[in-house]
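The next block holds one structure in the form of structure tokens; read it before the comments.
Chain IDs A, B, C and D follow the sequence of writing; residue 1 opens each chain.
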Amino acid sequence: MLSFESDYIEGAHPLILQALAKSNMECLSGYGNDPYTKRAKEKIAGICGCQSDQVYFLTGGTQTNKILVKTMLLPYQGVIAASSGHVSVHEAGAIESAGHKVLCLPSHNGKILASELDSCITDFYADENHEHMVFPGMTYISQPTEYGTLYSKEELSRIYQVCEKHKIPLFIDGARLGYALMSRENDLTIRELASLCHVFYMGGTKIGALCGEAVVFTKKNMPAHFDNLVKKEGALLAKGRLLGIQFDTLFTDDLYFKISQNAIDRSEELKTIFIKKGYKFYIDSPTNQLFIIIENKKLAELKKNVAVSFWEKYDLNHTVVRFATSWATTKEKILELEKFI
Amino acid sequence: MLSFESDYIEGAHPLILQALAKSNMECLSGYGNDPYTKRAKEKIAGICGCQSDQVYFLTGGTQTNKILVKTMLLPYQGVIAASSGHVSVHEAGAIESAGHKVLCLPSHNGKILASELDSCITDFYADENHEHMVFPGMTYISQPTEYGTLYSKEELSRIYQVCEKHKIPLFIDGARLGYALMSRENDLTIRELASLCHVFYMGGTKIGALCGEAVVFTKKNMPAHFDNLVKKEGALLAKGRLLGIQFDTLFTDDLYFKISQNAIDRSEELKTIFIKKGYKFYIDSPTNQLFIIIENKKLAELKKNVAVSFWEKYDLNHTVVRFATSWATTKEKILELEKFI
Amino acid sequence: MLSFESDYIEGAHPLILQALAKSNMECLSGYGNDPYTKRAKEKIAGICGCQSDQVYFLTGGTQTNKILVKTMLLPYQGVIAASSGHVSVHEAGAIESAGHKVLCLPSHNGKILASELDSCITDFYADENHEHMVFPGMTYISQPTEYGTLYSKEELSRIYQVCEKHKIPLFIDGARLGYALMSRENDLTIRELASLCHVFYMGGTKIGALCGEAVVFTKKNMPAHFDNLVKKEGALLAKGRLLGIQFDTLFTDDLYFKISQNAIDRSEELKTIFIKKGYKFYIDSPTNQLFIIIENKKLAELKKNVAVSFWEKYDLNHTVVRFATSWATTKEKILELEKFI
Amino acid sequence: MLSFESDYIEGAHPLILQALAKSNMECLSGYGNDPYTKRAKEKIAGICGCQSDQVYFLTGGTQTNKILVKTMLLPYQGVIAASSGHVSVHEAGAIESAGHKVLCLPSHNGKILASELDSCITDFYADENHEHMVFPGMTYISQPTEYGTLYSKEELSRIYQVCEKHKIPLFIDGARLGYALMSRENDLTIRELASLCHVFYMGGTKIGALCGEAVVFTKKNMPAHFDNLVKKEGALLAKGRLLGIQFDTLFTDDLYFKISQNAIDRSEELKTIFIKKGYKFYIDSPTNQLFIIIENKKLAELKKNVAVSFWEKYDLNHTVVRFATSWATTKEKILELEKFI
């Protein structure tokens, strides 16, 4: 069975498994106090133009989102996000479970507009009853978005300026950041992105790691006693090496970027095939996720041979499905898929 | 200064103060274990066709909403409400602070539609990813709504049926319930309303009491150890008599309904004046809150003599303001207001 | 039935009811924005040597404890308290429900020792694993304690110094503070007490009010947007006047102190009777609560005529019960009790 | 540098790395919906005499403890544990962060007594004020305990009976369960242990896995929508295979038990050496953790060559340190240590 279900269907990049095997019997301190973790932090800090003590490794995306919202917000604040944002819809209420409200802005193909963000905050303070409402305390965006779309440098700069103006942090969910950075449409370097936000993370789970997200606090703004807060959330790994070794590998010899490039190249090939075959795109995505509108009948047929992700109902007879490529997708796999679509 | 700012600008109905004074030196057990509280519960149970041990007194509206959501929802559930609902906007994130998400439905003049409620729940279960989302676990409506509008018996019945069909409770916020029941447009008796929901409360704070909301669990569904849960929320009054005596008074000789009628009568008089003077209504409210669109310049003038509530900006030159009558509003006050508008 | 069950068995001091009645039909803004609340804050600030904008009124003791702990602690901190403290035992888990741990110190007749407090904090930081533990973030004491005992000026000063040394706030629960201040053993003025802590409250519920606690932040340290945080807890009264008017009355002409004195005088009379009759005290309390060890058989007899509070089992044949006097206890009542004991 | 710091200083058992490598490029569904996870669950269920749909994999110990407490307790309940329990001391307040209190019982070398457990619960219900207190809602024990000690079959049976009598679940933290099961002092089979509790877990993190704990609900009592609750906690791994493959390997050919045996054998050898050299034991541990009282001066010397864990200060001149063996400790390592102690 051919699978384009998601970008986390394979295990880890082979170099990661090699690194885990090679270091396996070394006796290392726990909780991230090991040299691999230290080195991985330094590499990431170097790439981003940040400090290595402001880099932190967590296990998964929802966990990271929850912990950052919980530790960076004040009690009277909520987080602003697109109505289509992962924190708004697909985290089983993790943000609310942390005691905070998600304040939704309209989603424009997964993105928010700087102008609407500015109005939202300005209107809040203009409302005479705002002391009885949830204060906007952080802006959450994802790059690429849940629809695979990208913020341009111009768009990100404007959003960042609005956040600076209102003195709230901008948080970029980069669960698939590598795929954004390698997209043909991207005009942002990782350093620029780091400078245009207050915290972001580079996902490993969806880009070649078994698990792991690398959080970067870009303004020396890591919350005090962050280890303790992470422990309190049940998110502190005893064997921190598992994360350290993986990220050390991913950020050696640009591996993270090279394998991200593979996903983009395969996605472009796939896009060409879809276009050629006359498929309709639900959204124009320049990254590794393609959203296709497909007849339900045809979908049933396709599913006999190919696993894809249900996205949403389009109309009575059509469904939106997602095809995802990844660091691991081969040219052969694309060609094989071509036979079935 | 004339005030139509809200329906909680005066103290308590004089009969309540008399009852407090009369019973003042009686030595009574605390935490609601006093005969006044017992009697008040019996009276309310009688009126609603429920059991007296399913009646409970709390202090304020947001407190009541928070406690009911927190104690009646399962951990994986959220509460469905109109986007204009009090729990959605004006409770400073109290619901999220209790760990639950508010799932918003469109507001139709403050109301939700049974059909949209049904679709929302049906669509949720049809979504293949719904295990990663917040389950719809309760429906919250207010009667009257935050815009003063009313659900008809037909509308409420349909919403109730949708809730029954999907096996989730319907919760009616009745912070101003008396004003709904006495409205000329109302076609629901209190017994009918009680039978068409799973829990509701009759507000005292806005209808003649110093504080207090009377919660009624209509299906013998009060959560176990409710006293303990209320204490845990910091909401258990040591002198439970304060609530018991007030509700005992309000539900003696139909006081609650009579004083609610006064607010409606005054509101109708006020409406006539506004119409006569050519004012534009933001919304057509049949209860004690009138929402008027007023020129900013005129509003500035008005505010010199009359206190009203800012509701929202209408456009650059106009504002929506709220005029509220109450159990305490006199005919004289209406006539005095007429001079200024 | 004679009752010495607690100090909250009567209603309110008659002057409070008069003040409520007199102001009843005045139209006042809600949520504490009324002149009575303003005046009450000024009076209390004057008495305590603090600023009036640092005074805040809440409804009950557990609510106040929960809100102060929740809003003054950082997320990685817990509150240190005597194992017998109200927050440790009798608040149904309200503190934990706010996400914080109570770190228990030994109770010495309800009090903690400065030396043990110091060791506890010093040991915490000396523990190499302390980043995996709950940080001591606040010290909670009650004056008088749950056993009616008092901290002397010397004792309080030492505890305050320990807190200052470790840079954590000292919070004094003064649910019965008036009774402490009027005790013959007390050597602390209200100004001294205010200067020797970071936040405290003077209880109204147990000293003549229907409800209400007056919180004083003594170092201009009220948390930002406190109204919002209180609203989020469901603790913001719409009719803030209810609290304002009561505290305005209690702090006019020293009423709070005079009525506290009455409780102490009655308690001393009662103590004399118990001594005369050979009763054994469980603890030597200099305030308005007396803890008596009584034979179970005798207790059963007593209960036919007098309501008292069960405190704890002493041994198989004896029980500890509490007799409480209050602002409302009359000499006649003491004499009547004498007949039954 | 020789390290006996903990049982999680090495990576994973080589067979686990092999299994990860072998399956690496297989395309598998996420979130635990893969055949390895399924098979691992079946194997564990078979060993424990439970159902495979009642087995669940989480990432770490504190995470597991927090999630089980949060999802198995009712809102008015707390968890009973030894004062030395991991949930009581070393989880940074994770339990309280979940809204629940830890109710401490005395620790007898890390264990609780069935008799004290019974009294604690019985006394709770006998207390007339118990509705204002936290209800005992679960018993938490660890096997082996934090001090390496073991409950015998007799002791566990009695504790289980007390829990059954009071209708609260017994939860066994088995972060190091393999080491308990292989101890010479152990008289419990895994099936017996499973039958004598309501939920337990077998730790992988400390026994050969990179991460992972296998939770077993023994009475078909897994909370509804457990996936959703885990997601809400940020604990649902996208690549569930990481846990599935590891546990599939650990429970193939008794690997889990064999490698646990190694730790015990090495620990016994180490114990012999300590005895021979006249060291004093802080506690008599029959499992893989040895607690030694060592002079501070000697400890400073030792630390130049050997990493050990600080446990607690013993007195001014002595410290308690922990030496841990593990699945990976070799005979050679023990002999090498012998030279330094």
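Operating definition for what follows: a residue touches a chain if its C-beta (ideal position, glycine included) is under 8 Å from a C-beta of that chain, and two chains touch if they have at least 3 such contacts.
Keep in mind the model is a prediction, meaning the values are calculated, not measured.
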{"item": "Self-contact between copies chain A and chain D, residue sets same or different by half", "value": "same"}
{"item": "Computed distance of Cα centres, chain D from chain A, in Å", "value": "33"}
{"item": "CA centroid of chain A to CA centroid of chain B, Å", "value": "42"}
{"item": "Centre distance in Å when chain B and chain D are each reduced to the mean of their C-alpha atoms", "value": "50"}
{"item": "Set of chain C residues in contact with two or more other chains", "value": "76, 91-93, 97, 99, 131-132, 228-229, 231-232"}
{"item": "Chain-level touch network, classified as line, ring, star, complete or other", "value": "complete"}
{"item": "Residues on chain D engaged by chain B in the complex (per definition of touch)", "value": "70-71, 74-76, 99, 131-132, 135, 224-225, 227-229, 231-232"}
{"item": "Of all residues in chain D, those that touch chain A in their complex", "value": "1-3, 5-6, 8-12, 14, 17, 20-21, 23-30, 59-67, 91-94, 97, 205-206, 210-211, 228-229, 231-239, 241-242, 307, 328"}
{"item": "Residue ranges of chain C touching chain D (in the complex, touch as defined)", "value": "76, 78, 89-93, 95-97, 99-102, 123, 126-129, 131-134, 310, 312-313"}
